[in-house]
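Below you'll find a set of structures to go through.
First subunit A sits with subunit B, and in the next complex the same chain sits with subunit C.
Let's turn to the complex of A and B:
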């Protein structure tokens, strides 16, 4: 990917994140959050992760946006005053420490796109080599998702069922005890 | 050090997004804004993982006879799979969090964290004094 476009997209991404947290109207914040997810999807596509880009655009921007809009319509779109100054100043040193620590840890990571990176020596090249023969699926991500790691995908559907059950239990209206 | 950072500007940008998400979760009072902060944080983690899958000169992991079967010509497919799962689970988490928000709003009529905590604290205090009152009665 051309690094100038990459960088411009990333700056737009950071701006969208800041705006989503800054605006007072919650519906506006949700719309900006959908823009944020779409920009992330474009970045995924630029890095060759086409499947992830599709899923992020549909689920990250689409379904999350719809869920947020439904929740905002069911509650309120107004937000109270912004963060209290005192709380903002207690959190800043913590954030700076987190940022510094992660930056320090990041210096130990391999540079971007390094073909000699340790992760390239593991199982990944073997998936690429063998998936066509084993599964006859040219898309390696599909082969991984539905063939090699289909039990992970089964567990994932179990997570969705559990989440749907939890939402139904939380939002249940009958037998509600008056507090 | 400067060279090291020029090579790794992606990590710095992802870290910035992580910090923004954490700020949203910790510093803001509105509960819906906290969920937005969490979404920003998780998406930053997705970006970090996909960034790790990039290979110089690699293309999307869809085997193409024109490109050949050499694994060095494709980006790493394994992080893609992990992040596909993570996105789906992330949407489930957001769904449950928003359901809790709706429930909190129904009970307390506000999404302001401080107001909710204040009300919960007062309820606890009155419940405690009630309990103390009923305990004292039999002895009196």
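Let's turn to the complex of A and C:
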């Protein structure tokens, strides 16, 4: 991807995140978060991760926004008043230190697309070479998720179902059932 | 939040778009073998096909197309289908989720794994669709 476009997208991404934190009206924050997700989806697509980009676009920029709006309407539209200034002085250095740590760790990562990267040793090349022969599936990502690593996918599905069940059990209205 | 939206253009647009959105969701689920997509993304788009009528159309139409119990039902059917189809290879002497061991006539092992991926994608799609609809219905019931 052209680095100027990458840079502009990253700047807009960070700006969207900061605006979402800064605005007091929560419905505005939800709208800005949808913009953030769409920018993230474009960045994922630029890195060649089209499957992740698709999920980010439909979930992050789509359905999550609807669910957030429902949650805001069911509770309150405005953020509470800011915490005391003193607490900010303890939180800010911690955040700055964590940010520095992340930047420092980022310098140790291999460059994007590096064929010598540790992640491309082991079983990864075999998946890439053999998935079409093994599963007749041209999309390696799908062959990985639904065949080679389908136990992981089963676990993810169970996580989603458990989360939805927990939400339903905690938040459902059952006025007619009195215990 | 749910129910008939006061603006006519919004109602008409939602009504016209809904079948295409749902169809696109099914397409994404089925297209996972050949391009970006699969159960997760497709299930979410399919859920949008159920949520859009709930947001804009009269409740009679929205809940007539996808009833309130459909969320929980589809979710459980999806997970159970994933688990039960995963158990099938065990009966044929293979490992859990290893569809190559389910011998059906002269079908090649790679073809069986191809079909297994389709089963997994459809099951995941059903589960994600159900989870989204269930969460939406429960939250919408809380909005007054």
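One rule holds in what follows: the second predicted complex is superposed on the first by the 169 of 179 C-alpha atoms of A that agree within 3 Å, B and C clash if a C-alpha of one lies under 4 Å from a C-alpha of the other, contacts with A are read in each partner's own complex, and residues count from 1 in each chain.
One rule holds for everything that comes next: a contact is a pair of C-beta atoms (placed from the backbone, for glycine too) under 8 Å apart; a residue touches a chain by one contact, two chains touch by 3 or more.
Bear in mind the structure is a predicted one, so any value in this text is a computation, not a measurement.
Chemist: By residue count, is subunit A touched more by subunit B or by subunit C?
Modeler: Here the partner covering more residues of subunit A is B.
Chemist: A:95 in the overlay: touching subunit B, subunit C, both, or neither? Say first, second, both or neither.
Modeler: First partner only.
Chemist: Go through the superposed model and pick first if A:87 touches only subunit B, second if only subunit C, both, or neither.
Modeler: Once the two structures are laid over each other on A, A:87 reaches subunit B alone.
Chemist: Touch test for A:40: subunit B only (first), subunit C only (second), both, or neither?
Modeler: Touch status of A:40: first partner only.
Chemist: Between subunit B (first) and subunit C (second), which, if any, makes contact with A:124: first, second, both or neither?
Modeler: The first partner, subunit B, only.
Chemist: Would you check which partner chain A:134 touches, where first means subunit B only, second means subunit C only, and both and neither mean what they say?
Modeler: Only subunit C is touched by A:134; subunit B is not.
Chemist: When the two structures are overlaid on chain A, which partner does A:8 contact: first (subunit B), second (subunit C), both, or neither?
Modeler: Touch partners of A:8: none, neither subunit B nor subunit C.
Chemist: Scan A:50 for contacts with subunit B and subunit C and give back first, second, both or neither.
Modeler: Touch status of A:50: both partners.
Chemist: In the superposed arrangement, does A:27 touch subunit B (first), subunit C (second), both or neither?
Modeler: Neither partner.
Chemist: Intersection of subunit A residues contacting subunit B with those contacting subunit C?
Modeler: Residues 50-51, 55, 59, 63, 67, 70-71, 74, 138-139, 141, 145, 153, 160, 163-164, 167, 171 of subunit A touch both subunit B and subunit C.
Chemist: Which bits of subunit A are touching subunit B when the two form their complex?
Modeler: 7, 10, 13-14, 17-18, 20-21, 26, 29-30, 33, 36-37, 40, 43-44, 47-52, 55-56, 59-60, 63-64, 67-68, 70-72, 74-76, 79-84, 87-88, 91, 94-95, 98-99, 102-103, 106-107, 109, 111-115, 117, 119-120, 123-129, 131-132, 138-141, 144-145, 149, 152-153, 156, 159-160, 162-164, 166-167, 170-171, 179
Chemist: Show me the residue ranges of subunit A that touch subunit C in the complex, using the header's touch definition.
Modeler: It is residues 50-51, 53-55, 58-59, 62-63, 66-67, 69-71, 73-74, 133-139, 141-143, 145-147, 150-151, 153-154, 157-158, 160-161, 163-165, 167-168, 171-173 of subunit A that touch subunit C.
Chemist: Can you list the subunit C residues touching subunit A in their complex?
Modeler: It is residues 1, 28, 32-41, 44-45, 47-48, 51, 55, 71-72, 75-76, 78-79, 82-83, 86, 96-97, 99, 110-111, 113-114, 116-117, 120-121, 123-124, 127-128, 130-132, 134-136, 138-144 of subunit C that touch subunit A.
Chemist: Looking at the complex, which residues from subunit B come into contact with subunit A?
Modeler: Per the touch definition, subunit B meets subunit A at residues 4, 7-13, 15-24, 26-30, 32-33, 35-37, 39-40, 43, 46-47, 50-64, 69, 71-72, 74-81, 83-85, 87-96, 98-103, 105, 107, 110-112, 115, 123.
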